[in-house]
Amino acid sequence: MNQNINVTIWNEFRHEIKNPKVQSIYPDGMHSTIAAFLRKENKLNIRTATLDEPEHGLSDEILEQTDVLLWWGHMAHAAVNDATVEKIKARVLEGMGLIILHSGHYAKIFKALMGTSCSLKWRESTDKERIWNTMPSHPITRGIGDYFEIPQEEMYGEPFGIPQPDELIFISWFTGGEVFRSGATWYRGNGRIFYFRPGHETYPTYHQSEVQRVITNAVYWARPTVCIPDDCPKSPALEPLPIDPEASERSKIGYK
Amino acid sequence: MNQNINVTIWNEFRHEIKNPKVQSIYPDGMHSTIAAFLRKENKLNIRTATLDEPEHGLSDEILEQTDVLLWWGHMAHAAVNDATVEKIKARVLEGMGLIILHSGHYAKIFKALMGTSCSLKWRESTDKERIWNTMPSHPITRGIGDYFEIPQEEMYGEPFGIPQPDELIFISWFTGGEVFRSGATWYRGNGRIFYFRPGHETYPTYHQSEVQRVITNAVYWARPTVCIPDDCPKSPALEPLPIDPEASERSKIGYK
Amino acid sequence: MNQNINVTIWNEFRHEIKNPKVQSIYPDGMHSTIAAFLRKENKLNIRTATLDEPEHGLSDEILEQTDVLLWWGHMAHAAVNDATVEKIKARVLEGMGLIILHSGHYAKIFKALMGTSCSLKWRESTDKERIWNTMPSHPITRGIGDYFEIPQEEMYGEPFGIPQPDELIFISWFTGGEVFRSGATWYRGNGRIFYFRPGHETYPTYHQSEVQRVITNAVYWARPTVCIPDDCPKSPALEPLPIDPEASERSKIGYK
Amino acid sequence: MNQNINVTIWNEFRHEIKNPKVQSIYPDGMHSTIAAFLRKENKLNIRTATLDEPEHGLSDEILEQTDVLLWWGHMAHAAVNDATVEKIKARVLEGMGLIILHSGHYAKIFKALMGTSCSLKWRESTDKERIWNTMPSHPITRGIGDYFEIPQEEMYGEPFGIPQPDELIFISWFTGGEVFRSGATWYRGNGRIFYFRPGHETYPTYHQSEVQRVITNAVYWARPTVCIPDDCPKSPALEPLPIDPEASERSKIGYK
């Protein structure tokens, strides 16, 4: 509980290079903005990684040392290596926390863990987003009141192609008339997953204090409690069994 | 509600060929035994498919016509074509029902839809399995009382690496001292998924009336209610939006 | 599946008498309007009951014959007899379906089954309500597209003091900036419960076709599958137990 | 997170007085045994309360100061004052944690929060209970391996009349052939509820280290995150509304 948490912030980091507007908002990339506010927390050790680094910045060693992984991707989901996705998935199932941001709804790793389409309605526009807190007792909403607003954001609308969340934390209202399940958690294997909707690259969303608060809370919430590698063990009986006359024969065949 | 249901029973169909004991129990394959009892239902149109048929017996046309797919696999999960798995998954998400039997817990399609390890404890042995009904109001348990017994079965034990079921229907007790979530449902996309544990190939499990009843009930329960292909639509506002001075500029860049 | 369904529509029936505006919309009471559209269904046997009838129109005999109970109440929740509430609850737990409409969120029976506050934000105003369909495969949303609108409705806003729904079916958007979980189901005992938000007495909501469609769908969905009275049985062992040297002594004491 | 937790252990404390066998195991009552092992935790402030104290030992002041309440009752559920039950329920909904032990499944407070029958099968006998851990990542199972055993316990069997748990943590195996959902959590309002099955009064269950570990873990897990009293506020619009020509008229009538 009181140990430090190793956090890796992964960012695609392409919009910031190609689009002057995004660059003006996030000159060093969204990962750097997120890293800056998380670094204010004494117990968090922050590292960043991006798509175009070797191994996407996610070597086996780094993944093994990561307690909580944040993920922002959008235009280059397909460029993420499948083997890396499998390794991240295995780490989540053995206990690592995962926080998926905004357009990461279509990231390979999110789709692989959800098992669903993860599709939604969307509109790049001038909508205001008002994010309602439906679970005020949840650690992720600590310090967030009934709602908070983002002056301008991309719209995401229902139906959202996700499994029913284990915990539905936020629901968004958009000016244009839509609603969206904006904050939701899932327990998968031994890992905790949080999806958080805000964060379109052309708006300064990650500079906003409420958004920073939610992400910070989520990092603490998502930290691992255990690390149990996958196993499918043959398991001897704990109580006496009836005698099996064919047992010796079957043991020669030897398949499970 | 009153229309016929097109059912495809998929079986790996390898144990029945290689192992004389399995052959003696299921001379025409487990799929044929399952087909025989489902064919007693007037409203069910039954078809079977096996691994070693062309396209595993699951052409696009057959998949599109299938309302409910049953799946038994074990020793040759890896031999199932990845592209076929993707197609099945897409069909489930748009509305097709899926019933996973026994060792199908490790089938590619089940793992892809669950997003988890699907691992468990196991033991080929002489355990009795007593299957307790935890949800007597569920359509899948119609006609099943408090419990039923299978005289001998392979043991599967907890922890079972699945997402929390949407409905937990059966819990098994085994002589050797284990318990297992033996019947569970998940809603994924527009499709309904039922996992049902019993059915080790060396025991005559699918000849047992209670097992047949559960599978028959599950076929009715899993039938599609809708068929909605995956979509992620750009969606115009339904209410007036504030004016965006940069809108024309952004439309030239043109990414989402 | 093919049997008729006995439906009882319960209405407080006070606003319609006291308030000329409500009377002009529902001259014979909301229950009569709801009864009229449900009577178009051949398989539904419709009965109504109101607060000021003897036993609130819910004698033991009527309750026992009811498969699905609809409930609208508002200004006189406290006037409902506690013993009647207990009987309704027992009927739901043994299998009867229950559909709670609008201000019924504060009905004794809903609070007793939820175990929570059932509180919410509210505003009598001129809001438009747009009801989004988050579960297009659910039987209750059959024939409802992505959303439908109610031109004017009372606003209900989050947080809504309910247990996490077993199925979240509708989320509402309101002009004034709020969102609400407007359609949700819970399985309690052997009964199915559906809460459906719309239906403020001063608006003609129950005359609107989409609202009628949802309620009609819900009646079919909520019909009982079983009827199992509550029981807490002493249950003999199904497998041999170790011998208990104190058993005879304890049996003399005889408490559970 | 780092503050002390005020824990109140409530015990019916009747079996220990009436039954010499129970007295020999718990000479000062089960609450004293539980208090003794919880007092080893520096951050827990422990208090006990029993049925026959004034106000059952649960004055308003004590309830308000309680962060986590433990509850053991059996033969005298009916003797618990209804008004006290309502107060406890309100405290849970505003944020207090509640841990229900063993026969507390039939306590008024548990039934009021669940909304269901809470019935089960039972047998006072010589069963061994083996408690399987289905959620090894949960804080409540910290330090508990795959399973632990209780040499002799009363049997509780499925079906258990509870709402589907938010988290299913333990499933029990009994020698006599039954299974049971032995550890489960529910989030209700802002409070966290944990039901933990073991603890029949004629066995030394609360002296066993694994049982003590689970209860200790549960106290930490159940501590409040917020304290929000119930409210159902009239809420002004956050966005402009259409003009309502009848608004002034309605405001004179003045009902919600």
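Read from first to last, the chains carry the letters A, B, C and D; within each, the first residue is number 1.
The working rule: a residue touches a chain if its C-beta (ideal position, glycine included) is under 8 Å from a C-beta of that chain, and two chains touch if they have at least 3 such contacts.
These numbers come from a predicted model, not from an experiment.
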Identified repeat of the A-D interface (over half of residue pairs identical), from C-D, B-D or B-C: B-C
Relative to chain D, chain with the most remote C-alpha centre: B
Comparison of A-C and A-B by number of C-beta pairs in contact, larger one: A-B
Inter-centroid spacing, chain C versus chain B (mean Cα positions, whole Å): 32
Between chain C and chain A, distance of the C-alpha-averaged centres to the nearest whole Å: 36
Distance between the centres, which are taken as Cα means, of chain B and chain A, whole angstrom: 27
Contacts with 2+ other chains: residues of chain D: 130, 135-136, 157, 164, 166-167, 175, 177-178, 187, 189, 238-239
Complex contact set, residues of chain A against chain D: 1, 95, 130, 135-139, 142, 166-167, 175, 187, 189-192, 224-226, 228, 238-239
Complex contacts: residues of chain D adjacent to chain C: 19, 75, 89, 93, 106, 112-117, 119-128, 155, 157, 161, 163-164, 166, 175-178, 186-189, 202, 230-244, 246-247, 250, 253, 255-256
Complex contacts: residues of chain C adjacent to chain A: 130, 132-136, 146, 157-160, 164, 167-168, 171-174, 177-179, 181
